[in-house]
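To start, I am sharing the structure in question, which I have written as structure tokens.
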């Protein structure tokens, strides 16, 4: 039995690791500083090799921009949902809220993309734009962000809240002086995880916010952007072009590094929180 | 052949060194856990019937000793023999050994199933398929739980009180028909009524099998009668009958412990 | 959430009004001839999920058991760290691996015309679900108190019996929600599937033929959304795909919410 289980488990333990290493090895030839800071449009990709585009800076910045936009939009809403849950909701409302958040979390991101496409891009005439992408990503990460914020507030010992009330502190003072110091690290962890999520979501922004080429830096929030995730996808479609293959692996490695950066820091923050 | 003779002689020697007809015999048991010495050359024996109480302050190594007996700790040195057989060479391995020795833990831990299923949890699949109501009734009676649960055998075991759960764990161990009974502070967190019931059933059970009860409650040790083994800091300080132990303790440490409940062995 | 559903309904209503519910099991999808049967994509999605779960559930569960019951404790933290990192890898990156590693390999070993098929989609999905599955099962196993294991050991139960009669039954609620979460993820995953599935709108022939190019609901939306003009029937049909996806996902979530019968603690 043990042997059988170990054999079954072996691919589960080793394959993902192998994939990870494979990406890095494949990315190495194209991975250099030039790649990250260079800002050639991807449109040059199909020119001759000498002039071929090297940079993915505009993609990286586009991704980060959209991520920040999403977080800026989603964080206050998530915070107010969590405060509502902790302060005013009845037990029944709390339960419904949690179930609702979990259902929303289970809905495929591409469905949010579809809704965004109809509402933002077409009905509100925003067009394929940074703003549309940011709002859609904000909706995608909102359930995750809110449930993390709720958990962070729930972890505050009830005695602290009660003693704060016993001191006659107002709700505002209690939130800023008692809850915030106790819950900020948990909330930041949630935010970092949500950032990693926003960075890795591809499908919902594929046809609402991004274009493949011709954009270096969006002129306004209502103009299209390029992002690393979708860039990889477009490159993957050009499988015959050796340069595109290299670029795709390198972009994948950069994206991976960014995502892991965020989730690792979330992890260390959680460890720090457990220690303190 | 040669080796066989050799081991036979060795085992014969071991049997010889325990003077009274002993069922369980420990010799020079030492245990080191993460570079800390827990047990130091512990030797004693349990007679074929009757209760022995293992007393001593907390941290004396009482629970560790029980865990060595059932091989829950595997890295002890020394020789433990049960029914004249070295436990390291027990027929059927340590699982069979543990079925032979019933160990009841300090904290009751029932399985998330009905009371009925909990009692027969340790039986083989074939035995569980058959009708075991007689055996269940007998075990629950032995554990002094039958009257309380006979009408609700198919309710979840978690609904019982802690005292009842402890007695259920006892019934569960008895269903395996062990030949030795080890109890690790079985009444430490129980109400007086459950305590009384468990002590009474222990008296009955000890008529058939050797029982070793770890306790830090001196009065309980007195009530249980039989042999008293006093342990402190990983060593056996004194082994005596109840009357000798409480009336005329031979060792200074014992006297101190009886008076102050503290023990300073070094 | 109601707003979301209403949106999907509203945008796809033209489709439902014109064709009716029977389109769910119509097997032709040719946008240029106004044939919009959803059956091929639904079957494709179902197959991809089934294959993914067939691989991911046993492997993930075994990995969880091995890592929490067999391997030394000091490894567990690192394994967990690794698994959490892997669970966060963007799906499009898995798509790359599927496209340029898995597909050529499948093509060569099975001697196919093209590696694009449902099997590849299922395999890449299982790779994505594995870390989630493992982390959830591991959590469930670790929640079982050590006393339960020791009680079982004291009763002379061997390792297999402890696994089958103590660990798995008690960890089942957690494992079950892991499975449902994985199913939801397999259902909604777009990018990786889109790159490997082949996007051929046809019911597999015969229906268990998983070595042919096929289509899933998500990959269809991803592929054709760019071409469909806003307001056209094609667009509504794609929104209908989205509605089917959303409803299925909501059902899965509700299923995960329902607590399985267990003894009160």
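Labels A, B and C are assigned to the chains in the order they are written; within every chain, residues are numbered from 1.
Here, a residue touches a chain if its C-beta (ideal position, glycine included) is under 8 Å from a C-beta of that chain, and two chains touch if they have at least 3 such contacts.
Note that this is a predicted model, so its numbers are computed, not measured.
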Pieces of the assembly without chain C, by contact: A | B
| item | value |
| --- | --- |
| More contacts between chains, A-C or B-C | A-C |
| Identity of the most central chain, Cα criterion | C |
| Centre-to-centre distance between chain B and chain A (centres being mean Cα positions), rounded to whole Å | 57 |
| Distance from chain C to chain B - Cα centre to Cα centre, in angstrom | 51 |
| Inter-chain centre distance, chain A versus chain C - centres from mean C-alpha coordinates, in Å | 20 |
| Contacting residues of chain C [partner chain A, same complex] | 1, 4, 7-8, 11, 58-60, 62-63, 65-67, 70, 79, 81-86, 88-97, 99-101, 127, 130-131, 134, 159-160, 163, 181, 184, 187-191, 195, 218, 221-222, 225-226, 230, 238-239, 242, 245-246, 249-250, 252-254, 256-257 |
| Residue numbers on chain A that touch chain C, as the complex places them | 1-2, 5-6, 8-9, 11-13, 15-17, 19-20, 22-23, 99-100, 102-112, 114-115, 117-119, 122, 196-197, 199-203, 206-207, 229-230, 232-233, 236, 239, 245, 248-249, 252, 255-256, 259-260, 263-264, 267 |
| Touching residues on chain C, where the partner in the complex is chain B | 145, 147-148, 150-158, 165-166, 169-170, 262-265 |
| Chain C-facing residues of chain B, complex | 70, 72, 95-100, 102-105, 107, 109, 111-114, 121-122, 156-159, 169, 172-173, 176 |
